[in-house]
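These are the structures, in structure tokens.
Next, two complexes with chain A in common: one pairs it with chain B, the other with chain C.
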Partner chain A sequence: MRVVFGFRLGPASGLAAGLGLLALGLPWLELRPSRIAPGEPFGVWSWQSDWPWVLLALWLATALSRGRWQGVWLGATLLLWGWLVGQGAEALLSPYSQSARVSPGAGFWLSLLGLYVGYFAAWHEGRGWALLSGPLALAVLLWWGVFERLGPFLELEAWREQFTTELWRHLSLSTSAVVLALVLGIPLGVLAARGPRFSWVLGAMGFLQTIPSLALFGLLLPLLADLSQAMRLEVALALLVAGAAVFRLLWAVSRWLAVLLALPLGLLALVMAGVWLNALLGPDPLRLELRAPLQESGIRGIGVAPAVLALTLYALLPVVLNVYTGLRGVPEAARDAGRGMGMSPQQLFWRVELPLALPLVLEGVRGAATLTIGITTVAALIGAGGLGFFILRGVEGGAPDMVLLGAIPIILLALLMDTLLRWAGLVLRQKLGV
Partner chain B sequence: MRIVWAFLFTLGLALAQKGPITVGSKIDTEGAVLCQMVRILLEANGFRVNDRCSTGTTDVVRKALTSGEIDLYPEYTGTALGVFFKDNREAAALTRDAARGFAKVRELDAKNNIVWLNAAPANNTWAIAVPRSLAQQNNLRTMADFARWVNGGAAVRLAASQEFVDRDDALKAFERVYGFKMKPEQLVILPGGNTTQTQQAAARGTGGVNAAMAYGTDGGIAALGLVALTDPRGAVAVYQPAITVRKTVFDRFPELATLINPVFATLNEATLSQLNAEVAVNGKNPTEVARAYLRSKNFIR
Partner chain C sequence: MIRLEQVVKRYGDFEALRGVSLEVDKGQVVTLLGPSGCGKTTLLRTVNRLIEPSAGTVRIGGRDVRELDEVELRRGIGYVIQSIGLFPHMSVLENVAVVPRLLNWSKPQREARAQEMLAMVGLEPRTYAGRYPRELSGGQAQRVGLARALAADPPVLLLDEPFGAVDPPTREHLQDEFMRLQSQLKKTVLFVTHDLDEAVKISDRICLMNSGQVEQYDAPETLLRNPKTPFVQAFLGPSRTLLRLSRVALDGLMEPPDGHHPKATIPHTATAREAFSALLAYGCRSLGVTDEAGQLVGLVRLEALLAEASEEP
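Let's turn to the complex of A and B:
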């Protein structure tokens, strides 16, 4: 904390104001004659000459004020910034035809970053209710419709129906992948923590992470396509049931043989579970057709099946690693105490080891969920949809606004998921007292 | 009870419908528009349709068709001759002949159990586009003018995809027929480049680029302030769009031809460019563009 002209300046709020002031000198908006044409940059001063000075004063006020006033100034800054953006879009577009677009530029994003850092700084100092000025100001701006003439919003208007579907698909794909990664990853993590004999688990997870998604899709497409046409649903189900029984018998004879049997069957089960879980959660209806090839039940070489499988494999590493680290971190003294109380190995695991490892396991869930929301973007490459559809189409069509239509919601979703799970972890920690 | 009736009603509706037919396409704008057109047309005629439009790149969508993942998608005659049958010498010789090339593709793909419906009278072939101001200054209208310009030692830099440069019936054909030679340092190769990216590079002058690979029916050429140079001597391959269908599906629903062929007969170059521009330049949804077109021509109500 430094003292400037008798004011105390926090490093984070100072950084926030610095970003905001820097943004005042950069182009806020880019004007394009059409959505694919190159843009011409415009700074905020080119459409307003007085109000930017007020914004400048507000940024200084957010940096130099403390306590609840800081929240109030931040809210006012956000409001004025949004209003200026709306004014700019209006002013720049008025002489042009319908196909002209205004896209956010460097100054726009930098201002937003400044506001984010500012609120983060204020939150760190623990000024609870004053922080509500953020959501409040944002709600007012959206209600005013100040952003409605910006490029990404115009794209949203043209694609509204599909946007809802793709958003839903994005969420159902990521959720299915994370759920499967937890179901698979927690036992694997427990296995890995058993001792050096199982250290290959971590190595295998790390290897999976290094396979590029495109290569994985190229590998899975012909494999799944053949499988989905050759195998019928009831055969697959019978195979899984029989496989589980044979696995138990084989495990007693030779573990390697058992694992060799379990791998392909496990992958088949994973694909089927992923497709059906996604169908239950997502917008596309679930279809199960007995006595028909698997492809009639939605398991195909393109679409959901390869996408969920790939996403699950990618989400495994953070889960397995955190379960492993969590269990490894349980103090030996706690185990001894449990044993001393006469606990069986099972009781020891459920009552001592797992609760103590739980905070780290939750961190793993948070990591996996945030990561998966981001990489679900690749699902669009194999025809499974999701918000990556807009990114792909935008890049392909050379329309930056459309890329933003996919990218902004993904960032918001990831941030939201991160915050929610972080909060859930805090609550759980307080409840457990660790 | 009402639920049961509703269920039976939906079931009856589902049974009365034909199909399902799964439609797919490449990821580009024209693929999406044509795919939606077929989907809307089939649905309006009582088919149940699975929408897999924008399936993937040419490799993926063709593999999806041959492996039965999708039932039909729009493909180009030139791509079939130059990529799917590139080892067939007879096919390679016909890439510049629209009618005989199409007949050859139809014949060759029949062995793969793929049926080609009638091709649209449009040629979405390769072209070279230059900024309009530059074209006016140097009096560039045809590829012959371009050759004169290059041979005159002008500082030409052409943005293109690897395929455009490598293929025998693309840039090399232009060079052979019109008598010019691009030096390697005059080519800017955009990996996996598509025409929007090359045209944006030429429009912005990125890295000194002042000429771009383009397609005949691209929607964005005019919007980016470029003009496509014409190919009066027919140097490069003909790319006519047509729907390719799996034979088993076509045998079950031969009416696919009577439904789709009349629509494709109306799709000439100007029409396709305009439809593509609606999507690429004005940012409209391909579904809406396709529906509006079918309505305007009275194919659907």
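Let's turn to the complex of A and C:
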């Protein structure tokens, strides 16, 4: 906290204002005569001469104010910034035809970053009310429609139906992967926490994480393609049932052989469960065709099958690690007392260990969820759909606005998921008294 | 009630228990006393099968503990540990009701019993039932631990340094509470401590251990009067006579006052040790003994105390 002209300046607020002021000197918008033509940058001073000074003053006010006032100034800054953006889009586009486009530039993003940091600083100071001005100002801006002339919005208008579908697909893919990661990961975490002899579980999870996502997709494609064309659905199901029985027998004889058997069958089961869960949750219909190769039931070499498998495998590590850490964090005294009082191992687990480990498990879910939302972007590359579709199309076609159409929702989704689960974690911690 | 027959426990090459034999009668408090590492906690934990002996037998009520399912066994034994081990995510009431719940008592039964137990250990149920372990002081938490162990009314109690984690004044209170409860409930108790004063205060018999073996197993007065081995003598220390006197009441040492007016008095509830301390403080050879109303009811002479303290055969 430094003193500037008698006002206290916090480092975060100072950073926020610094970013905002820097943004004023950078181009805010890029004007392009058509979707794919290169753009000409324009700073805010080129379409307004007086209001940017007011904005500058507002940035200084946000830096030097505290508490609720900081929230007010931030809200005002957000409003004015948004209004200026709207003005700029109007002014730049008016002499051109319908095909001209205006895209956000460096100054636009830097201003947003400055606002984000500013709100973070205000929240950190403990004033929750300060945050109210943010959504309020945003709501006003949206109602005014200041962003509607910007490139990404126009893309959204053009692609609205597909956008909704791909958004839905993105969410269903991520959700399916996270659900499967939990179903698989929680037992694995419990196993890992049993003792030091199971540390290989964590090592295996870490290894999975190091495989680059594209490489993993690439590896799975030919394998799944062959399998899905050759094997019939009923055969696959029978194989899994038989495999489960053999596994039980083999476990008593040789653990290593059992695991070796379980691995490919487990992966197959995972793929099938993932594809069908995704079909249940997502826009595409669920198809189950007996007496036909797997690919008729939606399991193919490309598309949802390899995508959901890879996503689940990536989401495993945060879940397993957090379940493990959560269980290890249970106070040893509580365990000893529980055992000594006559709790069976199951009772000890369900009544003592799991409730106490739950906050960390939720952290694992949060990590897995935000991670998965991000990686699902790559799923579009192998035909599984999702918001990555727009990013890829935009990159291929040289249309940066389309890239933004894909990228911005993904970022917002991840942030939203993170915030929701973080809050849920806090509530849970309070209820459990830990 | 509890019988340990030649119990041995080996960890690799190290012998934590080297053939310990012990018998605890019903309704008695037996303390396992000794320095760190002597095996007292290990021995305690063989009784509820948290530790399985390498050799030897543990019997409760005549039955070998290995015959019973270990989980069933433990539900019939109260267990209190030094670190208490209250469950942080459960309220005080839920903590106390854990064993009744394991025994499938109905909810009203459990809650009523838990409240009864809290009152018994001196915690007002209305105030404490809804609190959580993090809101309790050390002494309060330890009382809850005790209440929890007593909730299902087990005939046997195992206590592993239960009062070790609190400050001395609280510890004294807890010891007094425990003795009060024991006089009411008459449980069979195995108590582990390394504190000689504590052991002398609360036990019916003391089992002094060293390096996995029993050095001496006697009532406190006998132990303090007749240490059998050099280790016992050293462990009891040079003040053992005074310690022994702390268990002697004044009734047997008093004479009628006979018109004497002694310089100083002490209440009749005092111990011989306190009388001795008072005699030293006042520098006199006799003390008056008063009743609750402050009336002189007897006289204690230095000679009587010395006779009591003497170890001459």
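We take it that the second predicted complex is superposed on the first by the 433 of 434 C-alpha atoms of A that agree within 3 Å, B and C clash if a C-alpha of one lies under 4 Å from a C-alpha of the other, contacts with A are read in each partner's own complex, and residues count from 1 in each chain.
Here is the rule we use: a contact is a pair of C-beta atoms (placed from the backbone, for glycine too) under 8 Å apart; a residue touches a chain by one contact, two chains touch by 3 or more.
Everything numeric here is computed off the predicted structure, so don't read it as measured data.
Trainee: When the two structures are superposed on chain A, do chain B and chain C clash or fit side by side?
Mentor: Once chain A is superposed (C-alpha atoms), there is room for both chain B and chain C without a clash.
Trainee: In the combined three-chain arrangement, what's the angle at chain A toward chain B and chain C (CA centres, steps of 10°)?
Mentor: For this superposition the angle at chain A equals 150 degrees.
Trainee: Pick one for A:99: touches chain B only (first), chain C only (second), both, or neither.
Mentor: A:99: touches chain B, not chain C.
Trainee: Under the stated touch criterion, which partner chain does A:419 make contact with: chain B (first), chain C (second), both, or neither?
Mentor: neither
Trainee: For A:382, select first, second, both or neither according to whether it touches chain B, chain C, the two together, or no partner.
Mentor: A:382 sits against chain B, while chain C stays out of touch.
Trainee: Go through the superposed model and pick first if A:331 touches only chain B, second if only chain C, both, or neither.
Mentor: Touch partner of A:331: chain C, not chain B.
Trainee: Check the residue A:254 against both partner chains and state whether it touches chain B (first), chain C (second), both, or neither.
Mentor: neither
Trainee: Does chain A have more residues touched by chain B or by chain C?
Mentor: Residues of chain A touched, chain B against chain C: more for B.
Trainee: Which partner chains sit in contact with A:158 here, chain B, chain C, both or neither? Use first/second/both/neither.
Mentor: First partner only, chain B.
Trainee: Where does A:199 make contact in the superposed view: on chain B (first), on chain C (second), on both, or on neither?
Mentor: A:199: touches no partner chain.
Trainee: What is the contact status of A:341 with respect to chain B (first) and chain C (second): first, second, both, or neither?
Mentor: The second partner, chain C, only.
Trainee: Give, as a whole number of angstrom, the minimum Cα separation of chain B and chain C in the superposed three-chain arrangement.
Mentor: Checking C-alpha atoms only, chain B sits 48 Å from chain C at its nearest point.
Trainee: Give the list of chain B residues in touch with chain A in this complex.
Mentor: Against chain A, chain B makes touches at 24, 27-29, 52, 54-56, 60, 63-64, 67-69, 194, 196-197, 199-200, 203-204, 220, 223-225, 279-285, 288.
Trainee: Using the touch definition from the top, list the residues of chain C that touch chain A in their complex.
Mentor: Of all residues in chain C, those touching chain A are 48, 50, 71-77, 79, 81, 83-89, 98-99, 102, 132-134, 145, 148-149, 158.
Trainee: Quick one: in the complex, what on chain A touches chain B?
Mentor: 33-38, 98-99, 101, 154-155, 158-159, 162, 221-222, 225-226, 229, 295, 300-303, 381-383, 389, 392-393, 396-399, 401-402
Trainee: Applying the document's contact rule, which stretches of chain A touch chain C when the two form their complex?
Mentor: Listed in rising order, the residues are 331-344, 347, 352, 355-356, 432-434.
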